[in-house]
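What follows is a pair of complexes built around chain A, which joins chain B in one and chain C in the other.
For the complex of A and B:
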């Protein structure tokens, strides 16, 4: 691409991105009676997607994909973690040049974004760390390396149960810690790691409070808002994020006192799982909450799973702490790139019971084979426990919103009818 | 003084152009086609002659083109609007770089014409099955937002916020979408800009079939809308050339063909 062409592509892409982001934010803000504390997040996303250049200009950025890259180590190396997984249709269109037509939109969009924004990072981007999770991430490593980006392959096993797998991953994470020091030019010390672990644990603790408020009866915050809050974690400064979340929690607790609910009594409680909803692609969650449902829980790597588990170590030395960090990122993982994934099945059932979910909505992005393939087992497992599930396969384009809304509405209506019957037969 | 006539009878408007022996446009008119093609075209033609003080006999050759070309009995020959458009575009385009793609948005259709280096038609694609990406979409928008079609460009220019995304490509569904967006309090300016981007996206999708190289020429009534032109440039990610009088390009091409046909008959042409 010559300079003029590149300028035009960037201009048009930025406009498309702004339009998508604005549309999603308007749909989210459209729900009545939002907590004032959510304005921080709406503004943050507006500034990032609609303001001028959407690239953070921090000093040392270690970019990541997926959620397996240990953030504690990045923080301990005095660098800024930045999760790149993209939810933008605009970037998905561009990435289509590099990937097969039916392939993971998250990877396609991320590749599209990196392609268009080459040379705009300056010196700040020290590394893009990609764990060898699913096929498409693995091949993306090669494509992005070819573009000239500093890619770091973080080797993850395909199975997590054996000691072999555990050790393999611990070694990869140890090496990553050593390499991080090279990329950033900063030393990782025990103190720094402990501080980073505490910071992230604090963030997780805040999320757990939000999780409780979300699943309370009645629910105090919409699922779409919570997705937005957790997506913000990808890109926001962790201290600012914690502050904003603490403010939100305080407001929601006040609402609980004053008996203000996020929705009406008839809203059906939904557990959302599957391929991650990433801003601005909140198409399905928004549809669910526009159709009389409320997402009271989720099992996705762009939201709840980010905060589910903590690092536990015995000895306060790096030789013990770093493997403990590695364990935290592998052992509890319920990503379908792993086999077997029985933890996910168990987790979904437990979560559904715990949060009083009336039904489960399972989203698979077209081309995401791991999630597409697992839906059968999940459906079966849930059916055995008497939990209804709706399977939706979709992509980033807005064209199927009409059909999707009909299916979602019908599902929620069937849950309503089911509950009415339950009450009658009691 | 001999004159040559090009009459483009479109689904929505009739365009008539009269040129002299040097290819200069001496008179032109654009008016609604209505339901009675022949009657309305005759009326427009006779009106144009009267207004410009030209006698019927001085118009020595007439080519008609467009949707209703075969229905106008007064013409000497007919030609498809694809050919007429290509000839008109090349005639109007002052740039030395040869035109390779012509995008024409009409009242009810959308055409992309690909030319080779000699200006001959190599390929073309049309959307004539639905109103998406056509002038009809703009008319519907103007009607629902209670503005004039020729004001749409001005409103677009005034938009301050991000253009609103219109997701439906179908004009019928898009109308419902626009009405509900309006009811939700969105600004007219941003909605209009959004409509322009929606049309431009549709056009770009058709145009990209030919992998555009070289100069892109945009004509048809909607090309008068600067907002739409800007949106098209953004969606195509290239510069787009619009003649001063985009709506009569095809009629002009027909008139040029009339001149050529008359000239071929061996008659001397006085300047």
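For the complex of A and C:
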């Protein structure tokens, strides 16, 4: 595509993108009684998606396409980590040019975004790190490399239980640390890694508080808002993000004192799992909360999974810290690319119990095969524990909204009926 | 959870353990100066070869007792053996394997060697875990030998001639406790090779070799010797009765492996086993470092009967890691 045409495509895509983002934000803001601290996140997404994007040009960017990339090391190399995963339908349509139409919209949209914005990055984008997780991301490595992007392949094993897998991943992460120094021209020292670990641990600590507030009875914040907060972590400066979240937590704690609830008392508590909701594709979470549900917890890689674990090392030297960072990203991972993935099943059952969830909603983005294939086992495991689950296959396009809202409403009504019965039999 | 428990759970047990170990070390090695002696049936390596000790290891007496002919063992003498064993088990049951993590002088010395290595900025060595775990079965062989060899002094097995008394305390002869601990009271005599008989010569040479391995091994690998310790094997037989327990709630475990990383004796099950409640394995020394690095509230717990002693909490985890990240 020549430059003139690309510029035209970029212009129209950005228009579509702005409309999509505004629509999603509007629908989120339509919920009553929002915490004032959420405004930071609303305006942050408005600034990013509507108008010309402002990249943090001053610094070196190490972009990532998955949560398996150790952010601690990127921060330690004085670079900005930026997660590129896109949730935009506008980009998805551009990406369809590069990938089969039935492939995963997350990867498609991300490729579309990178294609359209090729000239925007300039010198600041030092590398795009893609771990070898699902097949679609693996193939994206080649496609994006062909576009001329500096791609880094972070080799990840497809299993995590054996020592072989663990050492293989540790070696890959060690090499990544070495290569990061080349990309950025900055040295990674023990002190810097420790500071980076501390920063991310602080973010994780804040997240844990948020998790508690979200699952409390009555819930203090909408799940959709929380998805937005966690999505912001993809792109926001980590210090600003921490500050904004701390403010939000303070406000929510105040709300708890004053017994302000985010929703009515009959709202059905939902545990959300499956393919990640990425802004602006919050179709399903918004539908759930509009239909009388409230998402009290989620098990997705765009939200809870980002923060649920923290690095712990024993010896304050890079020889122990770097493998410790590697372990944190592999051992507790519940990514469906791993096999066996029994930890995800266990985690879902524990989360459902911890959060008092009435039901589980499982989103699979069509084309995201690992999640589609794990559905059966998850359903079976939850059924054994008597937890109802709704499986939703969808994509980024708004076409199935009507159909989806009927299904979600019906599911939530059935949960309500089930609970009434339970109370009666008691 | 009351506020005292919360405060305890936010502290670092490793720091407490460091000072406790020093105190225990002083008590066991120099207790005699203060006329303290807490007994000769201790389930820990307080060496008999140290003159003014404040208590001593059960294994020496036990090996002596095993040297009695069977006829005498099953007569009145047997009662003395049983009393000894009961005292040992009593001491052990009270505190379970914390004897290893908090009291054992040989363990303490190994921890000091590790501290020294870290101060020097020398990295630990990595090794293949399965091979090492297989090697650590040696402690059961050592335990069997330290019972069977003395028995062959008082009795004749399969018509073989009885062993002479130079074989009396075979494990003590190769134990680094015998060579290393007397050094702390200024006694270097145990470092000598005894040429008075062939058996003694072989044993003392072997003892020196083990001492060398002890220092070299524990310099590159935390608690290296503990993996081969027959006392630990002996204790493990009674561990289920221990009043202090390390308990895991598998449901809360995310298998993040922090505990496995921290474990000085490399127990994999602590991270991977999500079914067992009692998670004390034969190599465990109950140092409770695993609890320190567990970010999941209530996943790992140390209890004395029903009294909670120390418990993993996410607040405690973040506080301790923050201290570590700031170089404390």
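Definition applied: the second predicted complex is superposed on the first by the 422 of 426 C-alpha atoms of A that agree within 3 Å, B and C clash if a C-alpha of one lies under 4 Å from a C-alpha of the other, contacts with A are read in each partner's own complex, and residues count from 1 in each chain.
Definition applied: a residue touches a chain if its C-beta (ideal position, glycine included) is under 8 Å from a C-beta of that chain, and two chains touch if they have at least 3 such contacts.
Here the structure is a predicted model, which means the values were calculated and not measured.
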item: Superposition on chain A - do chain B and chain C clash or fit; value: fit
item: Touched partner set for A:29, first chain B, second chain C, both or neither; value: neither
item: First (chain B), second (chain C), both or neither touched by A:327; value: second
item: Broader residue contact with chain A after superposition on the shared chain, chain B or chain C; value: C
item: Chain B versus chain C as contact partner of A:18, first or second or both or neither; value: first
item: Which of chain B and chain C A:315 touches, first, second, both or neither; value: second
item: Partner chain(s) touched by A:135 [first = chain B, second = chain C, both, neither]; value: neither
item: Which of chain B and chain C A:5 touches, first, second, both or neither; value: first
item: Which superposed partner A:78 touches (first chain B, second chain C, both, neither); value: neither
item: Touched partner set for A:400, first chain B, second chain C, both or neither; value: neither
item: From chain A, separation angle of chain B and chain C (C-alpha centres, steps of 10 degrees); value: 170
item: Lowest C-alpha to C-alpha distance for chain C against chain B (Å); value: 41
item: Chain C residues touching chain A - in the complex, by the definition given at the top; value: 118, 121, 123-124, 128-130, 251-252, 254-258, 261-262, 271-272, 274, 289, 293, 295, 314, 317-318, 321-322, 324-327
item: Chain A residues within the chain B interface of the complex; value: 5, 8-9, 11-12, 15, 18-20, 22-23, 30, 50, 398-399, 401-402
item: Complex contact set, residues of chain A against chain C; value: 161, 163, 191, 194-195, 197-198, 201-202, 204-205, 208, 308-317, 319-320, 323-324, 327-328, 331-332, 343, 346-347, 349-350, 353
item: Chain B residues touching chain A - in the complex, by the definition given at the top; value: 161-165, 167, 169, 173, 184, 194, 197, 234-235, 237-238
